[in-house]
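Structures incoming, each one as structure tokens.
Both complexes shown next keep chain A, but they swap its partner, so chain B is in the first and chain C is in the second.
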Partner chain A sequence: MSAYALASAAFLLFSLAAAGFLTCGSLVRMLMFLELMLNAANIALVALGPETVSQAYAVMLFAIAAAEAGIGLALIITLASVFRTLEAENIKELKG
Partner chain B sequence: MIADPLAYAASALSGPLLLVLTAFVCLLLPLFIRQLRGTQGLIALGAVLVAITFFRQAPPAELAFFSEALLLSPLSSYLWAFALGVLALVIALSIARPPAPEENLGEYYFLLFMAGIGLMVLVAAGDLFTAFIALELLSLPVYALAGIRRSKPGLEAAYKYFMLGAFGSGMTVMGIAILSSLYPALTFTALKVGPAQPLALAGFLLVISGFAFKTALVPFHMWVPDAYEGAPTPISAFMAAAVKAGGVIVLWRLFSLFSGGPIREIFWWLAVVTAVSANLMALAQKGLKRLLAYSSVAHAGYIAVAFFGGRQGFEAVLYYLPVYAMATIGAFSVALLLEKEEKGPQIEDLAGLAKTRPWVAGAMAAFMFSLAGVPPLAGFFAKFYAFAGAVNSGYTSLVIIAIIMSAVSIYYYLKVTVVMYMKPSANGHTAEAPGLIEAVIFLMAAGVILAGIFSRPLLEQAAEASRWF
Partner chain C sequence: MILNAAFYLFSGLAALATLLMIFQRDPVKAAMLMLAALLSTAGIYLVLSAQLLAALQIILYAGAIMTLFIVALTATPAAWRDKPGRGSFMKVLGLAAASVILMELLKVSTALKAITVSPEFSETGTLDLASALFGRFAFQFELLSLVILAAIVAAVALTAKRRTAQ
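Presenting the complex of A and B:
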């Protein structure tokens, strides 16, 4: 597969994930779409960037994506135990 | 030229390294030594004050390290001093009224320090990828800090901030991926020369929107009111003063890559939409922290106006950031002082403050007038220089819109003052008031007044720093 075909697939995946993030209402699904976005961007980086540098970037991005997933999951677990729900529309304490 | 750049770097980086060390001390030491529990705040404050003294001496030139990933210059020294100052004030507020239960204080200060180091790297970053990693180091801890109380408002604030912040990061990474295919390197100097093709434009747009999320420019501001309202008040102050400053510096670096063209036009619209809509939305707010949140969005808009002033505009931005930080930290400290529930006081709760605490009310009035831009307070000069630069570069219509909107903003800032001075107190204010909060309030009030009347020293510092961009 050529680099450009791979990059196009990554763009497609990114757009799908972004659309999914914006339309779904469950926090767990939103987190999964976020990870998908980051991974799609990572694929695009490896496919398009200059060889060695972008691969080094990609490895650092794994770590960042993992840290983000860690914080996100911790938040979701706490939210689930405090609010007893994970639907975004039911978590509404703050408004104005 | 400096005799030994490496020796200089070692001494300049000892500040951030001290913070890393202290972060781990705060996290781990109380686990082993019982007596130290609850004293993390004092350790943290001491370390920050020591770190501030480390770089009184700015480098005489710009020094690039790690193939231009990190740029040390008078500019970075200025912004580091700013970052450490904000950190010290936030720690002082956290000592006065601990935002987390005692067993979590270690994590609290650890995360706060990590965010502070993220900010320091971010403002000194010389390439886009370093800036992105630093931005993550700045924002990941703040997501957790917003929800550290594990209460309903705090958790809602944290998840909203997290989801939108992470969405912004995703866009930034995609933008970086696109740009890395078009440019030989991602340093800001390498990005300056190069093709302005449509694909590069898409990459820049993605990167800029990612950073605009953190700077809270409309339409990327949806998380701001909820996050500021639900987060612990010292953390709201940190978000307003520090996180925004980091985003502003990177946006400025990206903005100054272009001398014209569509990116500038997009910034023009961002500035206009932000200044107009944030001020209009602020009019309807009842909660003090929510009001300050919309005011922070509006000030991001004014800073975006200053971008158009070229070098003079950047000087104005560097003066604007500490002036805005002083006023907003002061106002959040007043909110913390009167806080009875986690969401912070309503504006109505300030009624009668002029009777019960005349000095605090006077300081709060100074913060409000400074945010509104009333002379002779510092906020007036900050806005004046910010707008003057843009007028000199020929963006008069932009400045007229910003001035009209800042006239609108006087309404809601004045509303707070009127409530304090004209309305009788419905119920008494809390009797206990930690002296440290009042000390921060008076320090900030003195800063807002002195930086206005004697604006010369701070302006000279800002001008010197802006020369090193």
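Presenting the complex of A and C:
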């Protein structure tokens, strides 16, 4: 198997997640697709990098993804309780 | 040979789950499809001989983060969620935009075609990873605890403010 095949799988997952991020309207779904994009980046890192170093960075990315999901969902729930919606297109005002 | 087949199988499963997730209207079913994509990723890590990463992927992503998403989805009222009448035209347009991104990424990585990798199953990966994390990358690893502490404080502060505002 060539490294190109490994990279292509990660790129395919990344672009599908990016498509979902671009097209969905709900904030929670956008965060889900963001996590999947980070996941695809992690696959590329593990598949193509030097074994130990890339895996160490992947472990660190896991922690960053967990922190990102925690803060993101707290922000989304706070925003949703102010605007009474989870749709990104309904959140237009800067002064809530 | 079997590892190559397993890699393609898990990649295909993850891609299929992500694709179905785009067209899924029910948010909880979409979360379940995301779970399938994350578990397939754990399979990919196993094929690449990253056993610790596969375990962490299941515990952290498929366990903790998915629970967080499902709790957030069920804690918010149904009236706030996405409208049912959203056309699929935008989704096809988004897929077209994503295919452009994919083509660009594949084009810039054509140099990788010359490199051949043969995934072989090794058992010593976790030991090497532990010695790297607690040796060479100890400072970065400790800094991560600060990142997580900041995230916890931020999440608590955000929700506490909401509670006092109500």
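Miscellaneous remarks
Please note the rule applied: the second predicted complex is superposed on the first by the 87 of 96 C-alpha atoms of A that agree within 3 Å, B and C clash if a C-alpha of one lies under 4 Å from a C-alpha of the other, contacts with A are read in each partner's own complex, and residues count from 1 in each chain.
The working rule: contacts are C-beta pairs under 8 Å (C-beta built on N, C-alpha and C of every residue); 3 or more make two chains touch, one makes a residue touch a chain.
None of these values were measured; they are calculated from a predicted model.
Partner contacting the larger number of chain A residues, of chain B and chain C: C.
Shared-chain residue A:Phe14: touches chain B and chain C both. When the two structures are aligned on the shared chain, A:Leu75 is found in touch with chain B and with chain C. With both structures placed on the common chain, the touch criterion links A:Arg29 to chain C but leaves chain B unconnected. Of the two partner chains placed around the shared chain by superposition, chain B is the only one that A:Pro50 touches, whereas chain C remains out of contact.
Of the two partner chains placed by the overlay, chain B and chain C both lie in contact with A:Met60. Of the two partner chains placed by the overlay, only chain B lies in contact with A:Ala41; chain C stays clear of it. Comparing the two complexes, residues 7, 14, 17-18, 31, 42, 48, 53, 60, 64, 67-68, 71, 74-76, 78 of chain A contact chain B in one case and chain C in the other.
Residues 129, 133, 136, 140, 143-144, 147, 150-153, 155-159, 162-163, 166-167, 169-171, 173-174, 176-178, 180-181, 184-185, 225-226, 229-230, 284-287, 290, 343 of chain B are the ones that touch chain A when the two sit in their complex. Considering their complex, residues 7, 10, 14, 17-18, 21, 27, 30-31, 34, 37-38, 40-42, 44-45, 48-50, 53-54, 57, 60-61, 64, 67-68, 71-72, 74-76, 78-79, 82-83, 91-94, 96 of chain A touch chain B.
On chain A, the positions that touch chain C within their shared complex are 1-4, 6-9, 11-20, 22-26, 28-29, 31-33, 35-36, 39, 42-43, 46-48, 51-53, 55-56, 58-60, 62-71, 73-78, 80-81, 84-87. Residues of chain C touching chain A in their complex: 4, 7-8, 11, 14-15, 18-19, 21-22, 27, 30-31, 34, 37-38, 41, 44-45, 48-50, 52-53, 56-57, 60-61, 64-65, 68-69, 72-73, 75-76, 80-83, 86, 90-91, 93-95, 97-99, 101-102, 105-106, 109-110, 112-119, 125, 128-129, 132-133, 136-137, 140-141, 144, 147-148, 150-152, 154-155, 158-159, 161-162, 166.
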